[in-house]
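Each of the next two complexes has subunit A plus one more chain, namely subunit B in the first and subunit C in the second.
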Partner chain A sequence: MAGSLIKINETTVTSNQSSVAITGIDNSYNVYIVKTVGMEGTAHDQPLRFQVTESGTGSGDSDYDYSLKNLGVNGAYDRTGTNDTSFTLEFTDENTAQAQHMSLIYCYNFSSTTEYALVTIEGITVGRTQNAVGVTGGGVYTQTGTARDGLSFFQAGGGNIRAGHITLYALKK
Partner chain B sequence: MATLEEITAEVTAEVEAEKPLNKQVNNEVMELTDEDYAQLITDRAAYKYNQQEFGYIQDRQEAYGSISDQLDMQYWDNVNGTTTWKDHIAKVKSDNPKPE
Partner chain C sequence: MAGNLQFIKSLSTSTAVSELKLENCFNDKYDVYKVVLKVDSVTSEAAQSIRLVDSSNNVISDTEYDFAYQFMRVGSGSYSTDGTIGTTYWNFTMYNEGSVGGFFVMDIYNPYDSSSWTFASWQMASHYLASSQPVLMARKAIGVHRSEEQITGIAAIQSSTRLDGATLSVYGVK
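This part shows the complex of A and B:
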């Protein structure tokens, strides 16, 4: 349907950042989509992760449950977490400086203060040893009481995000 | 095996050595606040502790290979009387040991 995707915000990473947040989610729309393209990390073999933001700051509370299936050329494997401090994506970098991650993250209920925030994830990492690893799944952020206004991305075990482009869209009601 | 407290101490020293660290919110770049640094240490330590305790599970999953490849190994093992599949699984387990 033409005109149903509305660009809300975008940001480009051009230097090392310990985290990169994009905000702009409010109660104007029901569903938002965060698109990440060309996300690169500085640390080898450390996964790209993300948290929901509250007033622009990533929430590190242990309220993230998720289940992902990673589809590598050498086989499929699971990524799950309960009461974790963030959602996970695939590794951004494994013994190569060229690994990149791209994904679409659908965000539901973010502006609610009474309902859990939900995400569904579809993405791919290229440039790893396995060349390409697809990611599909979703998660729930089980803390309520404060509206969530965006997502914040980082490398979990150390390192910085050194490149990437993040765009926030809304789906027209 | 390191305790979470020991890993947190290591990560704290690591982050101290990395300072100053920046974050980007939309297109604004700023240094982390004291609260941000504390959260970063908590997140990084929790991740490293979990990797220490459970990372072998994910490493094994990746190294086992696809089910179809494993079935193929088992078929040819049956035909030829070899132990390729069993040897492969044993190697993956020994290469990625469960923490004691």
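This part shows the complex of A and C:
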């Protein structure tokens, strides 16, 4: 029996890049999943963030709303944003061993030009203190008019992404 | 075309045990796995935890496990969050009481990479009994295993021999 989780695209980061995009979302499927493994940044204690891409380029417009419950091994807290210029994940750090981020990001309505693009996020980060934080929540990109074709990841604070493996999957209709 | 979520192996029990251990289910073909524990029956109230299995097929019980969770339930009553650093398992991965059953789904990242810690994220849904009535409970949780070593398997463990109807399954995300 043919499976229903279909790999669309993947990219591996092995040297510093200011941003890393994964594209391939179109109207072939309703739901896409972006898997990130071993994402590392070069800046000190700065969050990994991501934008939706339009024709392969991350949109930096102030159209990102999100709400996250962050479950830390030493405490839980909420993180929200309204009219932000990107979605946020959690803090990573260049000097801390095992400071990495992993996540599964579900993408909905991306190929539509009339509906908002939605994401749900299930992630886990080890940051500056080597303590783990879970990232659970969702966000919405409130700009319409142009189809979104992927996600673009970067580290805030002028950092680069120095390592990571990103894969785009689709769920069969 | 084969899909990219691929079944690797599973283990079931229909007689009471204290541990369901799947060996050699993580390898170099995948970096992310989905683990599903389906519990149909326990002989008595039973909390359950998860430990990882090393490359010699030993269950790891060192104080290398960190985890955090949010507890939720239906009806009135509190929600709560908690976190623990340096314990001997990922706790509260499952709880069963009565005959309603429950399950969890866990995503495990990089277990086979001997230079990386193992990361996990999971959610469970089950029931406990309040005045003999089943009450739905759920937890959303994350954990890390703070050791750079190769992990090849996973074990669902209980402190008592009460698990008499369950299946532990592992899938690879290619």
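Methods note: the second predicted complex is superposed on the first by the 164 of 173 C-alpha atoms of A that agree within 3 Å, B and C clash if a C-alpha of one lies under 4 Å from a C-alpha of the other, contacts with A are read in each partner's own complex, and residues count from 1 in each chain.
The definition used in the following text is that a residue touches a chain if its C-beta (ideal position, glycine included) is under 8 Å from a C-beta of that chain, and two chains touch if they have at least 3 such contacts.
On a predicted model such as this, the values are computed, not experimentally measured, just so you know.
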Following superposition onto subunit A, is the placement of subunit B relative to subunit C best described as a clash or a fit? fit
Touched partner set for A:156, first subunit B, second subunit C, both or neither: first
What is the contact status of A:9 with respect to subunit B (first) and subunit C (second): first, second, both, or neither? first
Partner chain(s) touched by A:124 [first = subunit B, second = subunit C, both, neither]: second
Which of subunit B and subunit C A:72 touches, first, second, both or neither: both
Taking the superposition on A as described, I'd like to know which of subunit B and subunit C A:30 touches: first, second, both or neither. neither
A:20 in the overlay: touching subunit B, subunit C, both, or neither? Say first, second, both or neither. first
Subunit C, subunit A and subunit B - angle at the middle CA centre, rounded to the nearest 10 degrees: 100
Would you sort A:144 into first (subunit B), second (subunit C), both or neither based on which partner it touches? neither
Determine the nearest approach in Å between the Cα atoms of subunit B and those of subunit C after overlaying the two structures. 7
Overlapping contact positions on subunit A, where the subunit C interface meets the subunit B interface: 72, 74-76, 130
Report the residues of subunit A in contact with subunit C in the complex, numbered from low to high. 2-7, 35, 37-38, 69, 71-76, 98, 100, 102, 104, 122-124, 126, 130-134, 136, 165, 169, 172
Can you check the complex and tell me which residues of subunit B touch subunit A? 14, 21-27, 29, 32, 36, 39-40, 42-44, 46-48, 51, 58, 61-62, 64-67, 69
So in the complex, which bits of subunit C are touching subunit A? 1-6, 31-32, 66-70, 81, 83-85, 107, 109-110, 116-117, 119-121, 140-144, 146, 148, 173-174
Footprint of subunit B on subunit A - complex, ascending: 9, 11-13, 15-24, 49, 56-58, 60, 72, 74-79, 84-86, 130, 152, 154, 156-158, 160
